[in-house]
Amino acid sequence: MSVKVAVAGASGYAGGELLRLLSAHPDVEVGALTAGGNAGTALGQHHPHLVPLAGRTLVETTAENLAGHDVVFLALPHGQSAGIAEQLGEDVTVIDCGADFRLTEAEVWTEFYGGEHAGSWPYGLPELPGQREKLRGTNRVAVPGCYPTVSTLALLPAVQNGLVDPGQLVVVAVSGTSGAGKAPKPHLLGAEVMGSATAYGVGGVHRHTPEIEQNLTPYADQPVSVSFTPVLVPMSRGILATCSAPIADGTDLAVLRKAYEDAYRNEPFVQVLPEGQWPQTQATLGANTVQLQLALDQRTGRAVIVAAMDNLTKGTAGGAVQCMNLATGLDETLALPLIGVAP
Amino acid sequence: MSVKVAVAGASGYAGGELLRLLSAHPDVEVGALTAGGNAGTALGQHHPHLVPLAGRTLVETTAENLAGHDVVFLALPHGQSAGIAEQLGEDVTVIDCGADFRLTEAEVWTEFYGGEHAGSWPYGLPELPGQREKLRGTNRVAVPGCYPTVSTLALLPAVQNGLVDPGQLVVVAVSGTSGAGKAPKPHLLGAEVMGSATAYGVGGVHRHTPEIEQNLTPYADQPVSVSFTPVLVPMSRGILATCSAPIADGTDLAVLRKAYEDAYRNEPFVQVLPEGQWPQTQATLGANTVQLQLALDQRTGRAVIVAAMDNLTKGTAGGAVQCMNLATGLDETLALPLIGVAP
Amino acid sequence: MSVKVAVAGASGYAGGELLRLLSAHPDVEVGALTAGGNAGTALGQHHPHLVPLAGRTLVETTAENLAGHDVVFLALPHGQSAGIAEQLGEDVTVIDCGADFRLTEAEVWTEFYGGEHAGSWPYGLPELPGQREKLRGTNRVAVPGCYPTVSTLALLPAVQNGLVDPGQLVVVAVSGTSGAGKAPKPHLLGAEVMGSATAYGVGGVHRHTPEIEQNLTPYADQPVSVSFTPVLVPMSRGILATCSAPIADGTDLAVLRKAYEDAYRNEPFVQVLPEGQWPQTQATLGANTVQLQLALDQRTGRAVIVAAMDNLTKGTAGGAVQCMNLATGLDETLALPLIGVAP
Amino acid sequence: MSVKVAVAGASGYAGGELLRLLSAHPDVEVGALTAGGNAGTALGQHHPHLVPLAGRTLVETTAENLAGHDVVFLALPHGQSAGIAEQLGEDVTVIDCGADFRLTEAEVWTEFYGGEHAGSWPYGLPELPGQREKLRGTNRVAVPGCYPTVSTLALLPAVQNGLVDPGQLVVVAVSGTSGAGKAPKPHLLGAEVMGSATAYGVGGVHRHTPEIEQNLTPYADQPVSVSFTPVLVPMSRGILATCSAPIADGTDLAVLRKAYEDAYRNEPFVQVLPEGQWPQTQATLGANTVQLQLALDQRTGRAVIVAAMDNLTKGTAGGAVQCMNLATGLDETLALPLIGVAP
């Protein structure tokens, strides 16, 4: 079997990571590669690491150029997916790495993204209970945001088992700067980001906040509230999320740990690390993995869960390929590295 | 007037930063420089940036070598200050950059550091209400830890004015790796830390946790509890602390902001940034400054305060020199840069 | 077919990279993992990125523990390979990532490494003319040093075709710090290497100098002389070598370029980039590739060739696996990524 | 005495560094701060580290706004200085950090920069023999480029004393990315530059090449030829230049070393390091210093000189302030740090 795949937005970081993974996929044939302003140029100019595809020419992102493929990945700026998607038929599997179809509530969408809500698609986080089944055979997938992927996986077992107060969740997540994309802006210059850490989107205004809450709400016995602060640090890739919440009565470390081990025992890409070993983003570089560790702070009565993930792999393109595998009936783990590139 | 100063532990990072600042001090004469294993070597081997002092030879850290100075800075591993300090007379001003004399409660000391409590000295954070006066003319100063300095300054106005619940404080602080010192350990190797973020001391076990609580407790109307998680990120210097707490009834952003502006209006080294501008550690590199910004998250009812600081300058050696200025009757701001080195 | 493989020195950087590649090899079964001081600990403590092998226990590096494997990789400190190798029978394929068997001249060995010369083994650089055939079926391979691999490939076509003066070669190669290994030393601490560049082994004293000269000499019509200076820069991985030499009479850019394109047209892992595109190490991260570009400086009459490579992949472990593939009769390119992890 | 100073181009990196230094200058009053597109905004938005000046508003770069100052620093894009300078009277001291007036040969200017040659001004490298006197009291200074400053100082004593062949000079200089300026370009994004090294301007086409040759030519007994290759590495600041040349007959290490020590014995900002200690850029961060070390490679007959410098301080703004001090009759070393910020 061979799945013919197109990538829209191939010159960006998400597009490049999709192509890195898809190039190693045994059942995929890479078809059209499209771009906006970079149409007409060679892929190798933008992604010199993609050696086997370097000579490919980028074409315009149009429905015509994307037609004739089994799967189309959309790695476009937020707000551009809906327009293209509606021109692609139901026989095409569309996997959107953008935010257009992630949120189910129209008013929340409008509050955080502005403009009109395009609707919602099956949410591409197979590790959510029951979600894997919904993704098998689907022809539309909304790939989660990077922060929501890691934050949800870090908090879900505690919330789902009623071990913490879901109304007082606090997430501070440090991130490499590739998450901010490839459009050049002064504050993303190397000279600015090296040697510096800075917070942004503070105070609940980051667009990933409602997505985390949406993910956890079905599993919580009380309203979910997440205080989310992202912090840019001098790395190209990687997210380390420090998540905490007040523990519910009777929660102890053994109970908490068991909840996580039970939740992820059979998950191929989520690892609860051995006791005493704390996650480091380097161990997940280029891999489709999330590494977790947890502690219970007796002085404060808070559970603290720390999770590491590569924002471009499991956080975007790897998660998207995982969804493609499910959607097209392939083995879910195909072409998804378990081993990161370290040091 | 000229103050003759000795630095014990001159080959480490805190010692080097002390000497960088003291070399530019108009009223200081740099005397003995001592070390442990590095005694007998030239300072320039360890600190090639200290050009004017590079030819100086390090001598053994003994009371004899430290005698005859007006001020002795101790930049020694934790637990080594007490033994030396008791051999230095009351006519010598001793400023300890270590942890030996920071905590007032003996049992807390023993819980977090082990061994016997040596006592407590005037705490070297002049920005605490009333503390500046206690430091003027004192002959003993316990310089705060780096995380406690930035976390305390970030939380104090909110706690002191009853604007947040002091029992549910959460601090996640990213830090450059110089804070871990110069003793070579595998996890601090460049190849390990570049491209990686990792948490440590999670779950309230970091030694700076009780120090933050001790600092805030006198100003709180309820018991103070801090969930503190430090995160190592790929920078040499700098701490960015993201602090949050549930707001008290009636707290709004204007009230919160006013509390911070009032608290720090006359503080030379603490700046509340203009609205919309978030702190970045690079702006404080090598400076004795703390930069702050705040937000109020209406969805979660939490105040979020973000603060940037150089762990070696205001967080250690700059804070120590500020205390020396006060203790010896000099202008508090002498030789302390307001301007960081950026980009 | 399945090749049973042991890795001696599995807790170091070369060992970790070998295991990353071997884990994805379709024809390899990973057997014993040995270490020195780390024997008895779990591999995952040292290499948390090696998820599928994390629970494996490291055993002592002894001939007994290495017996019973088809292939043994030695990733040991220089000088330790010879002792182990002589205890392994001729039916075991031994691939040495250390320097013990690289140099053919005993007196040069002694000059640069000290001690007695252990002999020389087939040199594991298949891209040298005729060398690929010598490696097929061999039971002993000396894997090249990282700098010699990239420098030799960068200079060979020019030297071999008589296009430059081989007596005046100049190589300045910047390198990430993983090349210095995992033993903790103060100058390799993150706080020292971040934000800093420094040269070392200047003046022809670096041990890789004679190896580069040895590699080029058979193809030169005059004595070969290489001025080699390595520079540590703040990266975990990667080497960028800037190589230059005076051009011979009649050399122009077209001739020079053709020599490189001809030399590497059929080499799977060496790419001469399209004109105008200069190598960057990031594009080779974790890949077994070398990327090259060249210029001819008319003012100075020098050819300048720049080459990028990952020191741990093609420069060490990838090169070693490539040799194993040849030695054991497998497809040379198996399990060797062509695509780097970028950005 | 108080010198009233304006800075044109204050929102860029050179402008920011000028203001960092000038703010600590005892005899300077900072006047107008001008900008192009950033006119009308607060300086603190662009340079949050410049705390005491953060509230200043940038005004348009016009002759009117620059009038009425004793000294005007021009930190403008290449090609923009000449137009402004001719509108400033002879009673204003103009110090140009751009390239407009550096080269003396009109045809070389046109070859490397394009357009018409504006002329040449006294060259702001006081360490050149006799140059210090030419700069005293001048009202026009062309501040050298960063690479020419460090390369010239690294090569001059060897060339001037006839110890090397000036026709075969090779310079490979690694640089932090602030040297490329603050205009956002994709290849300067943090995610691109972190973890990557890349060469540019290879083959003698970098504009600093003729400037280095121009500097050395008056002191050489033969035509000077420099093969110059710059390499971007993941640092914000700093240049490490590795310079080499074939030695002349009779040159030995003692002679070479003596030439450097003699040349720089009385230079306040140039240090020949003790034997065995190699320069690292970190030691010069934010300082106006150049640190040098040298070796003689007996195998190849080449002298190798390595030099470290901060591109923004001694390489641009510090050098400019040094020239201002000379031009205005102040102590040459005022407000110029000898001590870098490390680690």
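The letters A, B, C and D name the chains in turn, as written, and every chain counts its residues from 1.
Please note the rule applied: a contact is a pair of C-beta atoms (placed from the backbone, for glycine too) under 8 Å apart; a residue touches a chain by one contact, two chains touch by 3 or more.
A quick note: this is a predicted structure, and the numbers were derived from the prediction, not measured.
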Q) Which chains are in contact with both chain C and chain D? A) A, B
Q) Which pair, B-D or A-B, has more C-beta contacts? A) A-B
Q. For chain C, which other chain has the most distant CA centre?
A. B
Q.
Report the inter-centroid distance (CA atoms only) between chain A and chain D in whole Å.
A. 44
Q | Distance from chain B to chain A - Cα centre to Cα centre, in angstrom | A | 37
Q) Which residues does chain B have that touch at least 2 chains other than itself? A) 13, 176, 178, 189, 191-192, 194-195, 234-237, 279-280, 282-283, 285, 342-343
Q.
Show me the residue ranges of chain A that touch chain B in the complex, using the header's touch definition.
A. 168, 170, 172, 174, 176, 189, 191-192, 194-200, 202-205, 209, 225-227, 229, 231, 233-238, 240, 242, 244, 246, 278-283, 285, 293, 295-302, 304, 306, 308, 342-343
**Q.** Footprint of chain D on chain B - complex, ascending
**A.** 13, 16, 20, 23-24, 42, 44-45, 47-52, 54, 178, 194-195, 236-237, 271, 273-274, 277, 279-280, 282-287, 289, 291, 337-343
Q.
For the complex, give me every residue of chain A touching chain D.
A. 13, 176-178, 180, 182, 184-186, 188-195, 234-237
